[in-house]
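So, here come the structures, one by one.
After this come two complexes, each holding subunit A, first together with subunit B and then together with subunit C.
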Partner chain A sequence: MTSFDLVEPETLEDAFKWLGVDDSSVRPFGGGTALMLMMKAQLFTPVRLVSLRKLGRQFEGIERSSNDGSFRIGAMTTFSQLEHSPEIRAHLPVITQTMKTLANVRVRNVATVGGNLAHGDPHLDLPPVWMALDASATIVNSSGTRTIPVGDIFSGYYETTLEQGDLIAELRVPVRPGWRSRYIKVTTRAEHDWPALGIGLSLHAEGRVIKDLRIVLSAAIDKPTRLIGAENVLRGKEIDDALLKRAGEAAADETHIETDNRGSAPYKKHLLRVHIARAVSALVTE
Partner chain B sequence: MDAVTASPNIGRSIPRLEANDKVTGRIEYIHHLRLPGMLYGKIFRSNVPHARIKSVDVSAAEAVEGVFQVVTIDDIRKVIPHPYYGPAFHDQPILADGKVRFAGEPVAVVLATDKRIAEQAAALIVAEYEDLPGVFDEVDAMTSQTLVHDELKPAATFPDLQHLKGRKGTNIALDYHLVRGDVEEGFAKADHVFEHVFRTQQVMHTPMEPFVSVADAQDGSVTLHTASQGPSFVRIEIARLLGLPENRVRVRVPHLGGGFGGKLYIKLEALVTALSMVARRPVKIALTMEEQFFMVTRHPCTFTIKSGVNKDGRIIARHCEVVWNGGAYADIGPRVTQKAGFTSAGPYDIENVLIDSYAVYTNRPPCGALRGFGAPQTAWAYECHTDMIAEALGLDKIEFRRMNILREGRPQASGTPMVDAAVEQAMDHTLDLMNWKLPFDRGSGKIRRGRGVAIGFKGITAPTTSVAIVNLYGDGSCALYIGTVDMGQGSDTVMAQIAAEVLNIDPAAIKIIHPDTDVTPYDMGTLGSRSTYHMGTAVRLAAEDAKAKIAALAAELGLPEGTNAPLAELLRRKYGMQAGNIIGTGSFIPDYQKPDTKTGQTIKGTPFWGVGASGAEVEVDTETGHFTITKLVNVADVGTAINPKMVLQQLSGAAIMQLGFTTTENMVFRDGQLTNGSLADYKIPNLLDMPREFINDYTQSRQKDGPFGAKGAGESTTIALSPAIGNAIADAIGLFLPDLPITPESIFRALQDANGTPLAGE
Partner chain C sequence: MTTPRTIRFKLNGRSVSADIMPHETIVDMLTQRFDLKGARESCGQGLCGCCTVNIDGMAVSGCLSLAWFLDGKDVQTIEGVANGATLDPVQQAFIEAGAFQCGFCTPGFIMMVRQLLDLHPDPTEDQMRHFLTGNLCRCSAYPEIIDAVKIAVAKRAELAHLVA
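Up next, the complex of A and B:
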């Protein structure tokens, strides 16, 4: 690791000035947990890191709207803040649940919501959860602001649609009455391994009939992806073993899963079938 | 369980002497060492597994500001004309010499005033290679035309390896054979013959303190500060390389952050010495966690085991063919091949035994000693095989073992009698702790439960020597000078307890002088469960020697025999002031008879037996293959537990390590390239992976010729653990898995194969 500049702008204007160069070795810095690993492995050699720590209100805080009850979560919110927020626990318990097996206390104390999304690593636990929750991200740059569904941030393996100078400022997460959510982290080696597959699942059921749902797969594929085919099999239907089996088949058919050290492609497809069926059935009867 | 003892120091769990300094961050590790003028070395490694080196372009690296020099083998040859080292073969070049033999082999080193500059510059080196065909699998290597070494160069340093020649024109570095009775005749007579093949994977030691060494070479002498488990060997080998007498080479070792057999023999020491001679400055190299995968690892192994069994369940013949994948350089692999070969028929009383054990070279990172020294790989085979036979013959698995177990006094396959080896007691104690007699819930539906037991043993490297000095100062305070390296196992504390017991002083008040070959006497190495027995005996003898000298001094001063006048008083009387020393010395080498090179027969092939038994209960989700170890029991025979708490820590540490080698750890290679060389992708177990119930204990036994009845404890619980888990899984799902590691996918695939619906390949 060689020396580099670390700047801590206090206004967005300054931040854009520091970031506004056509040089990928100038990057924003959230918690730095992902950046540090890349720097140690010499995969990334920064010239300048622009800390978002002092950018103030828009990048901070967990607030609930008094209108529709939705959450606004600043991009610099740490995982620990999410984990220990009573509001999140009450209205988005799936986030609290996911934190239990995400990294460790030291990482959670500094890793940020924004850095986690901008990193574009398909193995991360939270992106499929945000997607299942229908969250959207507000992105700011020197020429304006845009709000996009979280899923639209990811374009490939460690690739995002963010451009040089784009900053994720905040997330909006709706609270949807009647919906239940769950994250399934499937590890195949040590418990604390990166997932072989991650499944973010959210659904609205009446009795055993699924009114609506989101199924998002991560880790086994190049970017977190909604499994529309599987959703379509289940949407509006009353679940039974045969239907769950068909949903699993649809999920396995619509994804391109690669073999890696966590499992062969056929095995991971099998796990996908099993865990979708188990998770849907568990959530419906919860 | 506490040993029944009336002694004030033996069988007592006194706290570790260094505990306070460790938890307050004050203990010395070489990682913290900086010498004036010191340069940092960063290794540039090959990215191909087998190739001739066409060129190494270091110009861009040398141009980086702060770079002192970039060193290749050509520079090293100027200061060390024959730059090859190794404990068994002098086969390893200090830096790649014309050829590279594994992906990750050191090719050049950047020396710089700052380690980050060195790292940055190393990335600018460009090497060109002419690829050669590679050989990676041990079974292929037995017959392959691809030779890893064109010439084999035996070292002849150790008495137990002096017959080493290797087989010319092959990759076989050593073949070891043991012949007892007539195995073919045994098979012909047997009612049933069973043959199975088992495989284990490549894994590594993963000490939390990666390899680190500092050399400071002067004209005609060198000082090494190094994280080594074997300072005496380092001195001998460096002296040989440099053509210096031993007294010109000083090797200092403070505490280690783990070693597990990896930090034995020569690791970075030859390289930093050469670099310091080239640069004429002190040089430090500290590996990263990721680089450790290319230093030394554990042998993968393919074991074909064949047994002839009578219908009443007596095993009458066994043939073991064990092929050890030694990687590109032999390191101590030939001894692993020999020592683990020696016990590869298991702790069973078998009339006809034939063992063929082969160390082969391949184009993989080198393999050496790792906790258990091959015994865990062999036990994986012979203990799964035991259950498979019992299953096939419809015999009770425990009774089948009991019928064949090697009992006290009976000759083991080599002819060496079993003495002070609590094999059956360890099994029985395991069964008790498993509640084996109680009904067992086998699960239902998709969840299946099973349980299994295994036993195992190992021989100890022989013959080896330990020498100790007890020094009592003018005020009566005591220091112990020993070459044993405390790498977390607690040897400082145990040795102090032994000396304290003889001298009747407080062990916590004894100072341990850590290995410094200028000061501490010879010790063969901190390895293979040998220290408590060998060094412990040397310490006992040294303390007794000191005690005799104190008695002689009292007599000289005219005091009555058995006087309780304190030593300080005696010395003051003799010298007229607080002055002088009492120095006791002790040296120990156990009895040994060299095995016959053709038959492996010997009446004393091991100083003592390491013994372990394990039991496991598992729960398998048959729909996914996911499994949970709900209970794990490990029992060792450690003789007298000198410090019971530390013994239990050794037993649980060894067990957790072997648990990783059984279920999660695997160095995965593709075309000779390691694909998971970081801890993010090579998974050692952590707290979440611990069995729900985890019990470690030891038998009530005694090693009669050990210090106060003690023997080694560092490896015993590695031996039988894997097959206990494998047997438990087989009990749960009705299928035996021949390969380690056991993974959810391997279980699921086995189930699908058995159902006639095999899962597609990759």
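Up next, the complex of A and C:
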């Protein structure tokens, strides 16, 4: 690794000052698990890293609103903190479930919620889950604050809509009564591999009728993407085998899946059809 | 204007300091400045666990962490787990189970098993396997390593009983 300047601002003003240069090799640094790999491979050679670990309250903590029960999760919250939070386990169990197969203990001890989103890698497990949960992200920069749906962060393969000087400060995650959620991680080479596809699924059912749902596909495509066509097939309907089959077909038709070393495009489309049908059925009858 | 800074931290119970450059990893620092070679860089990607060190009670990959951030922290490496000439119960358990062949991965496994038992004093076999998915043993001593975890559970319980 070549060396670089490393600063640890304690105020947002100082952070924006350090970040506010027209140079994409000046980057914010959260847990650093992803950036360190890119730096060691010399894919990324920073001039300056701006650590976010001393920015304090807005970037930290897991809190539940006493009004609507929604969660505020600081961007520097580590995956371990999510994994071991009793509040998250009770109200957003899909997050606890996702942690079981996300990387390993050491990575979870260090990786952060915000860095995971800013990295823009479509293979990551949490982004499709946040999207299925209708989470939004609060972005701060030197001219103000904006809140956007998590899905709007991603614009392509390792590409985001974040501009130089933007920082993800926190997530807002609603707790929707009556909804159930699940993350389906489909690996094709070894159980503990990166996913060939990931599916974030969230739905509200009464009996076997799906009142509303979110289906988000990741890993097999360039960015985590809601499968609106498949959702429309299922929304408001009572599920049966024929309907689930149609939803799987709609999902395969509306996505552009590439062949890569985790499977051919036709194979991954087959996996998508099978796993959407299976997961929707399991979640409705849970 | 890349310049070193002096960091002060606890290393295996002793207060130490070191002049660190921003790009130095914890493994670089331990091997080059403190002559501690138990945490080794092997895969370099956080997958194999050979570089595991413990910072403020949390296991991390020493090859993917910048030493810069250790200022004020409490760092434990494999060299610091024994109590003088008395081995840690997890170390003793690995010997009794014969849970290694070449031994290259052993420090990392021992550090992870210690954290496992700190969090779950009586883990299920599923918990053991899950917790150790981020540690690779290329000699494939996995069955003996699981045996060692079970022996370590018993040894720790025995010690806790003696203390109580």
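List of remarks:
Just so we're on the same page, the second predicted complex is superposed on the first by the 286 of 286 C-alpha atoms of A that agree within 3 Å, B and C clash if a C-alpha of one lies under 4 Å from a C-alpha of the other, contacts with A are read in each partner's own complex, and residues count from 1 in each chain.
Convention: a residue touches a chain if its C-beta (ideal position, glycine included) is under 8 Å from a C-beta of that chain, and two chains touch if they have at least 3 such contacts.
Remember, it's a predicted structure, so these values are computed and weren't measured experimentally.
Contacts of A:Gly32 after superposition on the shared chain: subunit C is touched, whereas subunit B is not.
In the superposition on chain A, A:Arg106 contacts subunit C only, with no contact to subunit B. Looking at the shared chain after the overlay, A:Val209 reaches neither subunit B nor subunit C. Within the superposed three-chain model, A:Leu6 lies in touch with subunit C and out of touch with subunit B [touch as defined at top]. Contact with neither subunit B nor subunit C is seen for A:Ile228 once the two complexes are overlaid on the shared chain. When the shared chain is aligned, no partner comes close enough to touch A:Val175: not subunit B, not subunit C. In the superposed model, A:His192 makes contact with both subunit B and subunit C. Looking at subunit A, you'll find residues 1-2, 192 touch subunit B in one structure and subunit C in the other.
Listing the residues of subunit C that touch subunit A in their complex gives 1-2, 21-23, 25, 44-47, 49, 52, 58-61, 64-66, 68-69, 112, 115, 130-131, 133-135. Remark: subunit A residues 1-2, 41-42, 188-194, 259, 261, 263-267, 270-271, 274-275 touch subunit B in the complex. Note for the complex: subunit A touches subunit C at residues 1-6, 32-33, 36-37, 39-40, 49, 51, 53, 80, 100, 103-107, 109-110, 192.
In the complex of the two chains, the subunit B residues touching subunit A come out as 116-117, 119-120, 123, 290, 623-624, 626, 663-664, 666, 668, 675-676, 678, 680-681, 683-686, 688-689, 743-745, 748-749, 759-762.
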